[in-house]
Amino acid sequence: MTHHDHTTLMEAPETGTQPGGRVEEILSCYPSDSAGTKANLRRLFMQGRLAGTGRLVILPVDQGFEHGPHRSFAVNPPAYDPEYHPRFALAAGMSGYAAPLGFIEAIAGNYSGHLPLILKLNNHDLLYDEGDPLPAVTGSVEAAMRLGCVAIGYTIYPGSAHCNEMYEKLQFLAEEAKSAGLAVVVWSYPRGSGIPDSKGETALDVVAYAAQLACQMGAHVVKVKLPSEFLFQDKAKKIYEELEIPRSTTADRVRHILQAAFDGKRIVIFSGGSKTSEDAFYDDIRGIRDGGGYGSIIGRNTFQRPWDESQTFIGTVIDIYRGEA
Amino acid sequence: MTHHDHTTLMEAPETGTQPGGRVEEILSCYPSDSAGTKANLRRLFMQGRLAGTGRLVILPVDQGFEHGPHRSFAVNPPAYDPEYHPRFALAAGMSGYAAPLGFIEAIAGNYSGHLPLILKLNNHDLLYDEGDPLPAVTGSVEAAMRLGCVAIGYTIYPGSAHCNEMYEKLQFLAEEAKSAGLAVVVWSYPRGSGIPDSKGETALDVVAYAAQLACQMGAHVVKVKLPSEFLFQDKAKKIYEELEIPRSTTADRVRHILQAAFDGKRIVIFSGGSKTSEDAFYDDIRGIRDGGGYGSIIGRNTFQRPWDESQTFIGTVIDIYRGEA
Amino acid sequence: MTHHDHTTLMEAPETGTQPGGRVEEILSCYPSDSAGTKANLRRLFMQGRLAGTGRLVILPVDQGFEHGPHRSFAVNPPAYDPEYHPRFALAAGMSGYAAPLGFIEAIAGNYSGHLPLILKLNNHDLLYDEGDPLPAVTGSVEAAMRLGCVAIGYTIYPGSAHCNEMYEKLQFLAEEAKSAGLAVVVWSYPRGSGIPDSKGETALDVVAYAAQLACQMGAHVVKVKLPSEFLFQDKAKKIYEELEIPRSTTADRVRHILQAAFDGKRIVIFSGGSKTSEDAFYDDIRGIRDGGGYGSIIGRNTFQRPWDESQTFIGTVIDIYRGEA
Amino acid sequence: MTHHDHTTLMEAPETGTQPGGRVEEILSCYPSDSAGTKANLRRLFMQGRLAGTGRLVILPVDQGFEHGPHRSFAVNPPAYDPEYHPRFALAAGMSGYAAPLGFIEAIAGNYSGHLPLILKLNNHDLLYDEGDPLPAVTGSVEAAMRLGCVAIGYTIYPGSAHCNEMYEKLQFLAEEAKSAGLAVVVWSYPRGSGIPDSKGETALDVVAYAAQLACQMGAHVVKVKLPSEFLFQDKAKKIYEELEIPRSTTADRVRHILQAAFDGKRIVIFSGGSKTSEDAFYDDIRGIRDGGGYGSIIGRNTFQRPWDESQTFIGTVIDIYRGEA
Amino acid sequence: MTHHDHTTLMEAPETGTQPGGRVEEILSCYPSDSAGTKANLRRLFMQGRLAGTGRLVILPVDQGFEHGPHRSFAVNPPAYDPEYHPRFALAAGMSGYAAPLGFIEAIAGNYSGHLPLILKLNNHDLLYDEGDPLPAVTGSVEAAMRLGCVAIGYTIYPGSAHCNEMYEKLQFLAEEAKSAGLAVVVWSYPRGSGIPDSKGETALDVVAYAAQLACQMGAHVVKVKLPSEFLFQDKAKKIYEELEIPRSTTADRVRHILQAAFDGKRIVIFSGGSKTSEDAFYDDIRGIRDGGGYGSIIGRNTFQRPWDESQTFIGTVIDIYRGEA
């Protein structure tokens, strides 16, 4: 009789199609999740050109809902077509595609199973401005299941006067998603009257706090903005300065966010990046990679540029995460 | 035919592995609870170095959510890792570990059953200041069950303008927990516009009231702050002074809080203690012990100091509760 | 074979242990209630020294929640113990015991079935003053069932700006209680910005209105304060004076309240009474009795005095209701 | 601070109206039941002339269903009237009344709360003979609740080819009853093709087995037939003879049945008794009493004789259980 | 940032109170189970004198139901008392206690949490002989939860004409148990018309098949009889002989059963052992140990002998599993 031998178990995959040890190493940080939820996380990690690397580059397209179609798609009209986006992600070898119900329903019948889909369950539009943001729940776990999605997506706005309502709905939806074997992706964007200064929304201490909050609420994957060097909270600032926590480079700051995300045991991906030049953007990607970030979520830089140009752009991003650029 | 003989029942365990009579004496004050809930209370009381003594020292780590990760963990960076805390509690022989959903999920698969886990079901962050505090419900009884927890934890803020909302959610969650055989631990922290003077939050009369409220709402275990000699409410002050209720020593005050907790028939544990020196802190622990308190809940004093230093610190606290220091 | 003959039915019990006709006469006013609810009303009416008389003297102990433990129990410290109260009620031959969840849970396993228990489902504390009172729901029908209670208790504050919220929750809980075969006891206390003058809270017209409201919301048992001769509402005052409705004696006023409670077809019990002397208090009890009141609910006069003294006191009250004093 | 003191708890009731220690001693054998179920067991034990003695004499009237109305009631026609039976039980000071749905519904509105009612949930008639007996479920826990019953009743026929179907329905109904705070009374009557010899149905070994089975299935109260000296099973017979288990007197045999009922920790009551004379029957009752039996369930001997004659008869039975005859 | 390091995780416990690596090694074979189910398996493995060894000695007492009380307990009458058994298990340092509903309810309120309890959900009595055995479901997952049990137990009889009915009910109950965080223990006893020769019930090939069946149906723990050298199935016999599968010693046969139980990745415990002498029985225990068996389930050898004698006996068995005898 031989008992479970971790080494033996890991050998076969290295010679086959199963991911190498890195994906399993990441999943070992989720010891309380069902096999179903782990399966869906594996689907994300085994997709496209980053399969098996433990890195993710995800395509989110919720701007049509959040900002309106003209601001989102008029500059590159083919992107009005819901099929544009999954085709783009597949062609570029991206890890997954996240969108609101309508965009997902429009393509799931043809793409679900080819490309990991993330159903964004809450969204917010600009026609009514309620001051502190409060998104509406516009999808369900039931819909995610019938559409074959690998995960639900959900946005919280820490700092909003409505944060409790968002948190409590997330609690309910996340528990439901987990019991259905889905993964939970949380966009954690500090915003609202608690952070009156817009510089505060990307302050290092605030983004670290936002990452921690999403992790504590049980997210499997957390999405935050790439933080700046700025510190917003007085009490936090004192600690950073006293302890001389490094924050001068992107990699320093990403490393700090990962600490705040359960010492790197939660998957954190970043949006944003330098807008000064493509090279500066690529340097930010290298900073995420070198700081231990799990990847990027890149929306407007894909569909607001011509297909070929953005395929090249995403290709370089993926090359960087593969350590080839 | 022989009928149930309580003495006989308690004899055998004394020669075996079962705890002595003190734990059963405590549980006899909970005559309306299910065998499942009693089992989970026993699990708390039979854990670690205080097993069988009827005392508890619990590790709570919700500061990442409540105060942010940097203010909580930056001073001792290994504590960013969710596994640091249950490992610490086990190594120190503590009675249990309480944390929000994310921290519990990150470790339950490896630690549940080794260490009694308490899932904190509501939490509050600092990015938005709503004036009177109102935590969000961020976990569920269903989650506590799938994670093998022994209890749910819940915070109420008597004195807050939002107290009713907290009380009513507690009522619902507690009833659900009891029907699932879980125990209910309530943090009762007076705070908010009803107590404008921060000295009032630890006033003897206010803490006594807070303990009574948690007990009346059906808590099995109540956590309050170690009270000061100060009296906040005018009507209460008059009674304390007329009746000359002793309140000059820690033991006097703890004895009074226990009275307010159903004459000692509910399990009350205390947070806080003197910050002037370790010896003064230890004296407070002796006061809790001598006043009939059931133990302590100690968070920041564990994970904000180096591992060895705080192991020694907690070791002394446990020695005091064991009557050995 | 003889068919149901009310006289015959009542004969046998008179020679046995069954109560005489008065209890059945009262229950005949509740023709729409289930046998289960009637059984629980009978349990109240067949308890203690007033068994079978159609009178009730109930012990309510919610002051620990409502006013704080010190103001409630410090004057007679044994009363901090939850078992003090049911033991007191049993020893005095009282009809039942009403308290919040925690006090009931602490004793139901040992006393339920010996003493009729009423679970108070809403309560209010003094640490936050919301102006117009709004109690929180702190118990459930489900809890009342697992604890073997005969009834739920619920407080409404007519005159409060929040009255509708109270009324609507009562509607829901009362319907649920009735379908489980429980009785519904409503404390109807006019209070709040609708009655700015505190004299108005016990004005005859206001108490009569409060009694009517509780009856109209489906209460089986209504508890009001003993009213004064004062009239609060101008339109009401005009009627009382024009019609020369007698209101000079306690019995007159009680008789009027009973009229307002469906012409005496709903069980109304009274709190309060003269504070000038024990004899004056006893005279008020005689007034309740002679005015057709169903009894009293007496809290502070029991547990805020030494055991023997208050046993004697309650003994006299019961003697009066039995027509023996 | 004083902790729960069991002695103190029991003292007060002795000076008041609460039952002495015997009822509580019995209930201490049910440590896993809810306060609601305990309340209903107390109601049975605190009823009538046996209140507080720990003995029960219950009136069952299911013969109209089981044997037909003529065989049941024609000899004493007033017994056709459903009210005859609860009136009889109350007049005689019996402990409770058990009957099928129709008989209970016919009287619960008038008697529930005066007399503990047990709703028999399964019954069997003689118009179709299925060989091995299989009763039909003719009532529900929901009905027991709306009728204010203290318990459900259920019959199993160990030895029947249909025993599994009976056992499985009992499991479901008993769990439901317990969660509603009701008690569970099981009639355990060996019968069917597994016991071809009718002498076997009352054989000592078989009745002991039947008592054990009901206890193992979670009955709170078990009803068996008074066993004979006969032994039915060969393997059992060998043990009884080798170990020389006493079985020559009624008390010996009752003592043995109680052993089989968890060493006397389950409430067992007996039907049957000598038919040779009333004195012989009374001697059997003394045997049940002296062997530690909890009482009797007596049907036909009540309603198939004139009212006065059977009142006298039951009066003597109760006198014997009270130790007065 | 440091990632999850399994070695580090295991280090701390070795210096503290947590079990060493063997229990975690076993649990790593259950990667699809919830943290709750793992917690309950850990509770079994961390109990008594075998805590942390990865071995189990469980006390089952279902013979009162299965064979009748006299055949089970008359030889040692204290064992009629339901408390005898958990007291015995605790005093001997056994791993857990398994029994039907009644025996568990009689003790769970006092012992649950001190001793891991397994609620046997199906049972079979001997008063009716249905030929091929078919047990009745006599308990529920709901009951296991309210009683604080760590697992459900269930018996299947492969070879019975009714096996499908047993398998299908197991499927339903096991899924329900897993979703409640309980473990599933399956007794797999080949019996019935498929195995006409009683020697076949313990034949090596048949027991191996029975072990496989229980594992394939999702059992966490499997209980089989210690197999003999005999081979029952012709086709199987041919393979064993051609491949010269060793089966001459107990250890050989246990090793083979473990292979059949997913190459040792399922917990298999054994009942039975040589009846010729205690020494021969101890040799069988050594065979189970040396063949990689996870332990024993020992019923009659405990409660059918005097307390002291069987304490010594079980003590030796545990010594053997601890490698000390």
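Residue numbering begins at 1 within each chain, and the chains themselves are lettered A, B, C, D and E in the order written.
Convention: contacts are C-beta pairs under 8 Å (C-beta built on N, C-alpha and C of every residue); 3 or more make two chains touch, one makes a residue touch a chain.
A quick note: this is a predicted structure, and the numbers were derived from the prediction, not measured.
S.K.: Touching both chain A and chain E, which chains are there?
M.R.: Output, common partners of chain A and chain E: B.
S.K.: Among D-E, A-E or B-E, which pair gives essentially the same interface as C-D, with more than half of the residue-number contact pairs in common?
M.R.: More than half of its contact pairs match C-D, so it is B-E.
S.K.: Among the chains, which one keeps its Cα centre farthest from the Cα centre of chain A?
M.R.: D
S.K.: Measuring between Cα centroids, what's the chain most distant from chain B?
M.R.: Relative to chain B, the chain with the farthest C-alpha centre is D.
S.K.: Between chain B and chain D, what's the gap in Å when you average each chain's C-alpha atoms?
M.R.: That pair's centroid distance is 46 Å.
S.K.: Taking the mean of the CA coordinates per chain, how far is chain A from chain B in Å?
M.R.: 36
S.K.: Taking the mean of the CA coordinates per chain, how far is chain A from chain D in Å?
M.R.: Each chain's C-alpha centroid was found; their separation is 66 Å.
S.K.: Can you list the chain A residues in contact with two or more other chains?
M.R.: 29, 31-32, 259, 263, 265
S.K.: Given which chains touch which, is the overall layout a line, a ring, a star, complete, or other?
M.R.: If you draw each chain as a dot and join those that touch, the picture is no line, ring, star or complete graph.
S.K.: Which chains touch which?
M.R.: Result of the pairwise touch check is A-B, A-E, B-C, B-D, B-E, C-D, D-E.
S.K.: Going by the contact rule set out above, which residues of chain E touch chain A in the complex?
M.R.: 1-4, 6, 25-26, 28-29, 31-32, 34-35, 255, 258-259, 263-265, 291-292
S.K.: Quick check: in the complex, which residue numbers of chain C touch chain B?
M.R.: Against chain B, chain C makes touches at 64-65, 68-71, 73-75, 77-78, 80-82, 100-110, 112, 123, 125-130, 134-140, 142-143, 146-147.
S.K.: Chain C touches which residues of chain B in the complex?
M.R.: These residues of chain B touch chain C: 29-33, 132, 158-161, 163-164, 167-168, 170-172, 175, 179, 190, 192-195, 205-206, 208-213, 215-219, 233, 235-236, 239-240, 243, 245, 259-260, 262-263, 265-266.
S.K.: Within the complex, which stretch of chain D touches chain C?
M.R.: 2, 4, 9, 12-13, 15-19, 24, 34-43, 46, 48-49, 77-78, 80-81, 83, 87, 90-93, 105, 108-110, 112-115, 145-148, 179-181
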